[in-house]
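In structure tokens below, several structures.
Shared between the two complexes below is subunit A, which pairs with subunit B and subunit C, respectively.
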Partner chain A sequence: MIIGETPLPEGPLGVDAVAVTMKFGDFLALDNVALKVRPGSFHALLGENGAGKSTLVKCIMGYYHATEGDILVGGREQAIANPKDAHALGLGMVYQHFTLVPAMTVAENLVLARDDVPAVVNWAREKQELEAFLARMPFKVPLNARVSDISAGERQKCEILKQLYLKRRFLILDEPTSVLTPGEADEVLGMLRDMVVNGGLTILMITHKFREVMAFADEVTILRRGKLAGNGKVADLTPDSMARMMIGAEELTVQPPRVGQLGEARLELSKLCAIDDAGAVAVHDVSLTVRGGEIVGIAGVSGNGQRQLVEVLAGQREAESGEVRVRGDLYSASREEMRRHRMSLLPEEPLKNACVGGMSVADNIAFREFDRAPFATRGWWLNRSAFRKDAERKIGLYKIKTRSPDTPISALSGGNVQRAVLARELGGEVEVLIAANPCFGLDFAAVAQIHAEIMAARNRGAAVLLVSEDLDELLELSDRLVVMFHGQFVHEARASEADLTEIGRHMAGH
Partner chain B sequence: MGLIEAIILAVLAASTPLLLAATGELVTERAGVLNLGVEGMMIVGAACGFGGAWLSGSVIIGALCGIGAGVLMSLIFALMTLGLAVNQVATGLALTILGVGLSGLIGSRFVGEKISLAPHLYIPGLTDIPLVGRILFGEDAFVYLSLALVIGVWFFLYKTRTGLILRAAGDNHTSARALGYPVLRIRMFAVMFGGACAGLAGAYLPLAYTPFFIPGMTAGRGWIALALVVFASWLPGRLVIGAYLFGAVTILQLHAQGWGVGVPSQLMSALPYLATIIVLVLISRARTGGSTAPAALGTVFVPDR
Partner chain C sequence: MQLVLEKRAERSNAIALISPLIAIGLTLVTMSILFAMLGKNPISALGVYFIDPLVDGYSLQEIAVKATPLVMIAIGLSLCYLANAWNIGAEGQFLIGAVAGSWLAVKTQGTDAGPWVLPAMLLLGAVGGALYGLIPAICKVRFGASEILTSLMLVYVADLLLDYLVRGPWRDPKGFNFPTTAEFDPVATVPVLIEGGRLHLGGVIALVVVAAGAVLLAKTIKGFEIRVVGAAPRAARFGGFNSNQLILLAFAISGALAGMAGIIEVAGPVGHLQPGISPGYGFTAIIVAFLGRLNPIGILIAGLFLALTFIGGEQAQIAMKIPLDVTKVFQGILLFFVLACDSLILYRFKLVFASPKVSRGAH
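After this line comes the complex of A and B, so read on.
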């Protein structure tokens, strides 16, 4: 701090971003954006993926330096050269992914974050001080527990406590509830809300969940494609008006209505068990039947065995015991069986699990049928022009934005990779569809299109197993809902009669 | 001197190089770096240690030469894996191959020469106590140093701020970086410490174990030290138990050969290595839930800015 300068005001800090423009080469990430977070308020920053929310907060935290525009802290212009400067001003950030060291205890993590710890740590004294600090805080966390042993909700509380322990007065939360159950999310945000109301703290929360904005935020700023799309008091807005500002004039695919009859059992899992990479039981005695013309949703907090379950069905992981039957036949996830039973798969992280990144869009679209006529003669002589023709047709049909069918698929955006996989998997007839977090990280237009395709497949009589961490998505699409916790199915409900708090409780294992 | 006493003395001597090298590697791995070049750093340490002692006539200068050689070798590794972000496994293997060749080159002029071994402690009265006197108060300085080193490393890892940061760098380098700690610098010092320990462990062999240098005299001890770190679940305390256990296997098979046990001597000589494999298998079987290895072990860290 410059000598003679008056110190920043006590209490909660306000932060303003004035006419911030950020360019990465030719790409305009932020275009003349303004953000005004009043001291002592709970402010939400809404926007789709790629709207520039992260870029804006990284400018505030000093990770990036805005090409043009200023950042004001406590009403005063500040040159924030790096995160350390931001920390010194009292700005702190809680990241979407945990930054705690899992193998260490909570106390060790908190002490590690401080930069004024003596060379030889007096653990008895540090723990005493931590206990005293925790006594003043609304959250409780077990100080001596290893971070790897505590739940996601407790970890998120630790991250927030760490910021408060470091005496930060302005907190930026980046999608803080993405790994929490609805109950945990409400608890954490409620406590933060109380701290804001009681003075001493300002919060800027990045989110895309309207429910959280409506319930906890005072004011909201909405970004769309790097531009300010709107702002105002939450009390004056509705989820609909906010969604319109987020999406803009773009037309969304309309989801077909739920029609059709329930058919015979298509996909049957009985007493299926699987272990994870570390050798621990991940899927335990899971039994489920999915019939034609229904969507069965599997809900659960990430890391409760859903990934391993999908990997078994996709043939990426071997089951330890139990069996899977498709249309009555024992199923071992071979390519031949998938083709015979018209089984389709939309795995999560499609670029990693469903594509070969370095190969072209056309090749990736052809993977299901590439050794059959008309793509190949006698199963080995490939007909490249047939690849191209089919790809061009599907690129138009599924609105895949790619420079050409020969572009490597890894060069496409996430939404367009998923559209290409959709074109491959749903392009023909489908009798069984398995989808895992199919819309993770995609924009509204892609989500609407994918939801419409899944519903259409169901209406045509396909049996759909939808694994998702997004409860709203599950409630919207599913006919039946199953909750997975610690590798087991612990709860089942009809989606139309599902009770959100009940489901949240089961997701948390209560 | 009774047979038991002789065996225990021999076990301690055989265990010390393992303990020294493994302690260094433990610190390196705790910082998140897997340096498979321990064997290479040891053998160069042995050649330079012997050379230093033979030319100067001083065991201490020999030991310092060994340490210096180990550090220089580890700096090659640090430059490759930390500076240029090359794969750690490949670099470590290359370092061992380089070390074996280099030690032959350095040591060729010393082959056949002989030095006097490091003196053993002698405290009148205490060392003369029957049975335990020689074992507790009659060792060479390296034996005491290795134990002091383990205690020092334990204190460093769990009681000091720098130790806390080093463990953080090994478990989650992105977090450590986000907190503002210089991950690469921490790792470089950890690698150098590992090199110093391996160099000293190598130098121990010609300075205190057998008074001459022969090419390849480390005979795979570097690899056993690597296995020991896994055996110890990256905990310094268990390292002592592991090192003495392996030392015991090495010595006992020698005695067993002497007693004429009806097993081919080649198989007996392979026992320590066989034990290494068995221990690694048992540990991986036993550790089904949550591994204790540093989570970032062996991963390359490239700071984004």
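After this line comes the complex of A and C, so read on.
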């Protein structure tokens, strides 16, 4: 800040992004986008993944420098060279993932986040000041508890409190509720809303949940593929009109209706235990049966052992004890077993977990079947033209956008990588399907297509195990719902009779 | 203002192709500085290194002779490296192959054994190298031991075993106590291609190995599996690939090729078993494999290039009194630059200015 300049106005800050364009090489991430957040308002920034929401707030916070356009803070143009400049102006950001130090207490985390931490901290005085600060805040957090001991909801509150403690007057929240149960999300957003209404704070929240926009935001700005798709007062809009602005004219795949009958038990887990990379128990004594023609959903806040469970089923992690049976046979995730039982897997982060990034789309689509006819002959030779023919057919069938079958799969967008995996995993007959967050980070068109495919596989009689952090997705697709908490299954319900608050309570471990 | 490495959106195929050339260029510049510091004229030194051997018929043959073991070993190493198995011990597998094949040559010496001896020696060399290569592979698969350490340490074991044999049981009784076996019989010797020349049948075998490596990687199931296991271990486990089996296979092939190169070297240009049969072929082949982009054709070219540095180094020693160790320095610098330049495939340099206003002009 220049000395002698008049200070920024008191109270809540407004931020304007004027005609912001951001290029990464040839890629136009933001194209002449405008965002006007009035002081003292709760503003939602809505858009699909890849629409440019994160890029825009990173321009505001000084992580990126816009190729063109200006950022106005409190009505004045500011050159924000780095996040430190943004902090000095009173802008703060709460990230999707936690930035607190787990081994330290809440109080230590708050004090050490300050720019002016003295060499010797007078903890007694700091504690007193913190108590006084907390008394003014609507959130209550246990100051002396270790961060590793408190729940996800409390951690998210700490993250927000940290920003307020650092005297930030403009808060950017990046999908703040993605790690919270529905109950926790409503509580946190409700309190933030109260603070905005009572003055002193402006909030810009990135989200893709219409429910949160309708319930808490005053105004909304919608981005689509790097362009401004619309904005206005939430009161004047409906979820439908916002969805149309987000998606544009694209047509979505229609999900087939739920039909068919329950078959025999296909996938049985009994007393399965697994440990995580750090050696802690991640999956504890888990038993479950999935029958043909049903989708069993596993709900839970991220980090409760779902990932390790899926890795065991995918052959990426060895179980410590317990067993997995597929159609009565012991299963150890070998190639031969996967093939014999027609197992398909849609893992999370498909590029990392299920693809060879440097190899072509055709090679990746043939990944499961390359050593069988028609892809291989005489147990030794590959038939390259069969690779290509099959890939071309599936690229058309699954609407995979790629320059050619020979393009490396890492060059494709996330949605198209997942489509390619979908083509590979669901292109043939499926008897057991295991899907883990299959739609994470994808656009509406891809999500609709994947949901339709999963439902279609179920209707054809496949046993489907769907692990997801998205409760809406689970409620939409599942026949049965199981809640996983601290590595154990703690609750089970029929999806049609499931009570959202009940499930939320179990997700939080109550 | 600062210089930062920025990740490219996509890997640059153009850089992937020219990166070895950039590396060679940078190496030549560095070497020129080194020659100048040694008090030699850089231009004439580089001339002796890289031009003179190419204009002399004898040197050309010698380049092919030196390239033969380099290429054979590097093809095997490239399979290991593609499978993410770090075989650093090709030198040891080379020596054990030489020992295993020489056993037959020593045992049949002076008998009237027929022309089956040489093929049998080559086979023994390959089997010996493969078994020796399997030791670190089994330790890795079974106990999780780092193959980098075990394969490297086994080089010294092989070296000492060879030393013991030629100083002890296999020493030529008429050899004036020199640590060497007797000259191999003609049936135990790799024939030369041109009468009176140095170029031998091993060169042809190396070309066959290059072709076989190319076919294995591009056209076969095993080649596909090796590439998948190396490029994406998580995805390979997801697909139910048996990565342990592939690591064993890669080490076995790699060891077999190094071992066969070893016995060809002994039964060819050297003619008998003695210490110092390798001027570090097994280590230089690591450079050949990476300089050749782990691609069989690239390895052939890179092998010829590094053979040139060996020949050029010898000539520079004779003509300009440049120490032979400079060749090793040269090869080391080359590997350094090859690996360094490879980061440009995935990253690019970018100037970052402190103020955003300035950076706009730079976009």
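Note that the second predicted complex is superposed on the first by the 504 of 510 C-alpha atoms of A that agree within 3 Å, B and C clash if a C-alpha of one lies under 4 Å from a C-alpha of the other, contacts with A are read in each partner's own complex, and residues count from 1 in each chain.
Here is the rule we go by: a contact is a pair of C-beta atoms (placed from the backbone, for glycine too) under 8 Å apart; a residue touches a chain by one contact, two chains touch by 3 or more.
Quantities reported herein were computed from a predicted structural model and do not represent experimental measurements.
In the overlay built on the shared chain, the residue A:Gly279 is in contact with subunit B alone; subunit C does not reach it. Contacts of A:Leu100 after superposition on the shared chain: subunit B is touched, whereas subunit C is not. By the document's definition of touching, of the two partners only subunit C reaches A:Phe367; subunit B does not. Once chain A of one complex is fitted onto chain A of the other, the partner contacts of A:Ala81 are limited to subunit C, with no touch recorded for subunit B. Counted by residues of subunit A touched, the larger count belongs to C, out of subunit B and subunit C.
With both structures placed on the common chain, the touch criterion links A:Val117 to subunit B but leaves subunit C unconnected. Of the two partner chains placed around the shared chain by superposition, subunit C is the only one that A:Gly25 touches, whereas subunit B remains out of contact. When the two complexes are overlaid on their common chain A, residue A:Arg335 makes contact with subunit C while staying clear of subunit B.
Overlaid on A, the two complexes show subunit B and subunit C touching no common residue of subunit A.
Listed in rising order, the residues of subunit A touching subunit B in the complex are 63, 83-84, 95, 99-104, 108, 111-113, 115, 117-121, 123, 148, 278-280.
Considering their complex, residues 159-162, 164-165, 167-168, 171-172, 174-176, 178-180, 287-292, 294-295, 305 of subunit B touch subunit A.
Interface residues of subunit C facing subunit A in the complex, by the touch rule stated above, are 9-11, 219-225, 227-228, 231-232, 234-242, 354-357, 359-360, 363. On the side of subunit A, the complex with subunit C involves touching residues 23-25, 27, 62, 65-68, 79-81, 314-316, 333-338, 345, 347, 352-359, 363, 367-368, 370-371, 376, 379-382, 384, 408, 410-411.
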